[in-house]
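The structures considered in this document are given below.
Two complexes are shown next, each including subunit A; its partner changes from subunit B in the first to subunit C in the second.
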Partner chain A sequence: MSELFEIYRKQFVIELAVVAQYRVSIALWILSLVAEPIVYMTVWTTITKQQGSVGGFTGGEFAAYYITWMLVRHFAVTLSPDALEWRVRQGEFSALLLKPIHPVHTDIASNIAYKLVALPIILAMMLGLATIFPPTYNFHLWSILAFIPVMFMAYLIRFLSHWILGILAFWTTRANSIFQIFFVSEIFLTGRLAPLSLLPVPIQIVASILPFRWMIAFPVELLLGKVTPEDALVGFGMQTIWLGLEVMLLLLVWRAGVKRYAAVGA
Partner chain B sequence: MSASTPAVRIRDLRKTYIVTEREAGMKAALRSLVKRKTREVKAVDNISFDVQPGEVVGFLGPNGAGKTTTLKMLSGLLHPTSGEANVLGFTPYKRERGFLTQITLVMGQRNQLVWDIPAADSFELNRAIYRIPRDEFKKTLDELVALLDLTPLMGKPVRNLSLGERMKCEIAGALLHKPKVLFLDEPTIGLDLTAQRRIRNFIKEYNERHNATVLLTSHYMADVEALCKRVVVIHHGKILFDGDLAKLVQRMNPTKTIIVELGEEGIDPQRLSVYGEVLGTENGHISLRVPKNDTARIITQMLAELPISDVSIEDPPIEDAIEQIFATPDDSNVMKAMAGD
Partner chain C sequence: MTYVRLVGLYFKIGILNELQYRVNFFVQIFQSILSLIVALGGLAVVFDHTTNLNGWTSPELLAVVGVYFMIGGLINLVIQPSMQRFMEDVRQGTLDFTLVKPQDAQLLVSIRQIQIWKLVDVLIGIVVLGIGLTQVGKTVGIEQALGFGIALIAGGAIVYSFWLILATCAFWFVRIDNILVIFESMYEAGRWPVGIYPGWLQFTLTFLVPIAFAVTVPAEALTGRLTPQTLIGALALAAVMLTVSRIFWRIGMRHYSGASA
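Entry: the complex of A and B
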């Protein structure tokens, strides 16, 4: 375990050095991401100004929701399945397969490093948005503390979902269509377009049975103080189940996929 | 593993790919929507050979012959379609830790180092991944730095290195864990002559110091001549020859080159065509290709009939022999030519 930690530490230092070289382009890319929550906040605050509140959300609570959503989304950013598909197509898995460590570790370490480098920019943007759209927060100390493991689990669930999707490219050249179906589902089922509690009950049930709610909506709701301690435990349990299932699925899919790897071009 | 156990053992190894095919044009495109036409391509077709510990073997063949596919199967990147591959007692495709820490695959111009940072940082990451103790790592790195002259390169981002410099760093990175078996796929491709020689010398030195087993592919015959006593020739996925390099050359090209310097000026070199095939004239030296078995007789005759001031005999270039193998359209003819001894 300590050896794995050492590998993560080394990989992390390397990735910090790499992303630091691209800090300007990363900053510009993150700035472009602010457009989406601004649109949602503008729409919802306009509606709440006319109606008072929507589904129990006031204008300030919508602002708090999307400002928190920005942070959670940043923590939940993963390696795109397209990047994995590219590796399969171009034979770029070869160098990783020759190393005596599963490639997923390299990707997780590099992904976490990116998040930390970009975090100050995200925090600055959150502050900026909070001045334009004043949020209403009902923080609880326990939920802030619980947010840390919940967010980490949420990240791993989303990361592994995308990783598993990416390695479908071992089987089909049309993996991209499957990614698109998944991404569209994410828009509705992770609380991106609207908080899940505003969606019809059947959709909420689907989001809770599948991994979607546990990837983004759940940590957002937790940090906003909208989850009871009992529900937080149930949520954490669901996250544990999904993470366990994904780890098993990853091992199975990876083992079968690597057999089909053609290592072309490498 | 005992000294007599081969480091690499291959038996009836096969790798086939199913490729889809269609003709150009709209009609063919529409047809392919309904029914896809596929074809089986035999990249490696039932090959068998052993490589003993400490042996350096040249694995030769034209592009698409199956060399790289074989190396990828031996390093665990590809699953064989059938047959058996065994490296140091391991089945490569299982990619067990014990296997991966004892082998390396270097593919020419393929970047395994992190592009944006100095190679030294990538080496540190390899230290952690391969769990190399610090003292041992330092000792090996110092040795590699000295052998490959890496000192001025260590602090530069990899993207700022020349092709040759990058290749040297790639090789160092691939050997930090002191692998016992090296699969080298075109390690000198695209390099200038000095860099080629440096890498060639390094491979030789590494093999001698560590008794490492090396399976090497190269299109540069200088690499093969300098490093490999034994060669395995593969063509269309099949092994055509496995044996001594000198024997291969003799068998495929049983000729000698006689180089003479004439004591008188004004003699037309074509006059010498009665003795053998005139290959060319350079600085007053005329080269003739003659059948190997007739060499002594022809030289005696030339010395008697021509005003020769100097004479020497050379073996034909190895490139000629290899070229002759691959230029032969029918494998069976080549096999016949190389069969029996």
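Entry: the complex of A and C
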């Protein structure tokens, strides 16, 4: 266990150096991510200006929702499945397979390093948005504390689902279409387009049974104080179940996939 | 006249090139349908909770989505791929091959790469626009149709000049792909009429990243909201942008030293 910790620590230092090299690229890339929440925030606040509130959300609450969403979205950033597909196609997995450690660990470590480096930029943008769209928050101490483990679980669930999707590239060269279906589902089912409670009930149920709600929407709702302690426990339970399922799936798919892997290139 | 022939020729080459990869056609249809689902799903959720968005009804916004697809399709058909190839050429030094051709280099660079399957998006846009307009119920008069045509051409010219100016920066900064990513994410904002955004963002979307003129203004023309002032403004801006981008291109060319060999 301490060995694994040491590997994470080392990988973390390496990644910090790598990330620091591409500061400008990262800043620009993050800037491109703000457009989406601003668009949806504007659409919803426009409607609240017309009719007071929408589905129990006031203008200030929509602002709070999307500003929090930005933070959660940042913490939930994963290695994109396209990057994994690229590794399979270019034969880059060959080098990773030689290492005596599962490649997910290095990916998770580098992910976390990236998040820490980019966090100040995100916080600055959240502050900026908060001055333009004044949010109404009503925090609870317990929900902020509960947010930490819930967010970590949410990240792992999203990370593993993208990782598993990515290594489907071992079997098909058109895995990209599958990724896209998944991404479109994320738009509707993770609370991006609108808070989940504004969607039709059947869609809410689908989002709660599948892992989607637990990847982003749930931590956002929790931090906003929209979840009761009981529901938070149930949610954490769902997260545990999905994480367990995904770990098992990963082991299965990985073992079968590596057998099929015929390295291309050097 | 030579220019028209040249454009036609490059289109033919583009089509022949893409016909080698026919599966891409189905991939494109698949992608277009997914983005259509996102756009229509968004409208459906919003209009589940209200009957109008800042004065726009749901069929009118459907028309906006139609224009959004049409213009987006046109950008991805020729402007974006050509400009990306141009920037790559500057980086690699292969722009030399274009410069030695006995025609205007700006024209050649602007039409060189054509992704013919993006026409699917243009077609989807036209269909969605048609459905939206029939649901609006008001007949589109000649005046509106004319305004739409002019606004569309002006918007196209503005977007083209904008891309050319950005791409020309490659002469100085070599790597600017990330700026283009920002444009793509900003273009998403064009799915909604720019009038709903706060003032500073409206300004950005109108003058810094000119999406308003490309999508909202043509849509306004069709739904009878366009004032003559806006139309004249669009034309004036198009003329200014075309001139500025031309001058900028000239200055940039002087900085190109070739990187090959």
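As a convention for this text, the second predicted complex is superposed on the first by the 266 of 266 C-alpha atoms of A that agree within 3 Å, B and C clash if a C-alpha of one lies under 4 Å from a C-alpha of the other, contacts with A are read in each partner's own complex, and residues count from 1 in each chain.
One rule holds for everything that comes next: contacts are C-beta pairs under 8 Å (C-beta built on N, C-alpha and C of every residue); 3 or more make two chains touch, one makes a residue touch a chain.
Nothing here was measured: the structure is a model prediction, and the numbers come from that model.
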Query = Between subunit B (first) and subunit C (second), which does A:Ile14 come into contact with in this model arrangement: first, second, both, or neither?
reply = first
Partner chain(s) touched by A:Glu6 [first = subunit B, second = subunit C, both, neither] = first
Key: Partner touching more residues of subunit A, whether subunit B or subunit C   = C
Message = Looking at A:Thr131 after the superposition, I want to know if it touches subunit B, subunit C, both of them or none. Which is it: first, second, both, neither?
response = neither
Request  = Tell me which partner A:Ala95 touches in the superposition: subunit B (first), subunit C (second), both or neither.
outcome  = first
Task = Look at A:Ile181 in the shared chain and tell me whether it touches subunit B only, subunit C only, both, or neither; answer first, second, both or neither.
result = second
Ask   = So, does A:Lys259 touch the first partner subunit B, the second partner subunit C, both, or neither?
value = first
Query = Where on subunit C is subunit A touching in the complex?
reply = 27, 30-31, 34, 37-38, 41-42, 45-46, 48-50, 52-54, 178-179, 181-182, 184-186, 188-189, 191-192, 196-198, 200-201
Task = Name, in rising order, each residue of subunit A that touches subunit C in their complex.
result = 24-25, 28-29, 31-33, 35-36, 38-39, 42-44, 46-47, 50-51, 54-55, 132, 174, 177, 180-181, 184, 187-188, 193-194, 198-200
Complex contact set, residues of subunit A against subunit B = 3, 6-7, 9-11, 13-14, 17-18, 21-22, 94-95, 97-101, 258-259, 261-263, 266
Key: For the subunit B and subunit A complex, residues of the former touching the latter   = 17, 72, 75-79, 93, 95, 97, 100-101, 104-105, 107, 110-112, 114, 116-117, 121-122, 124-125, 127-131
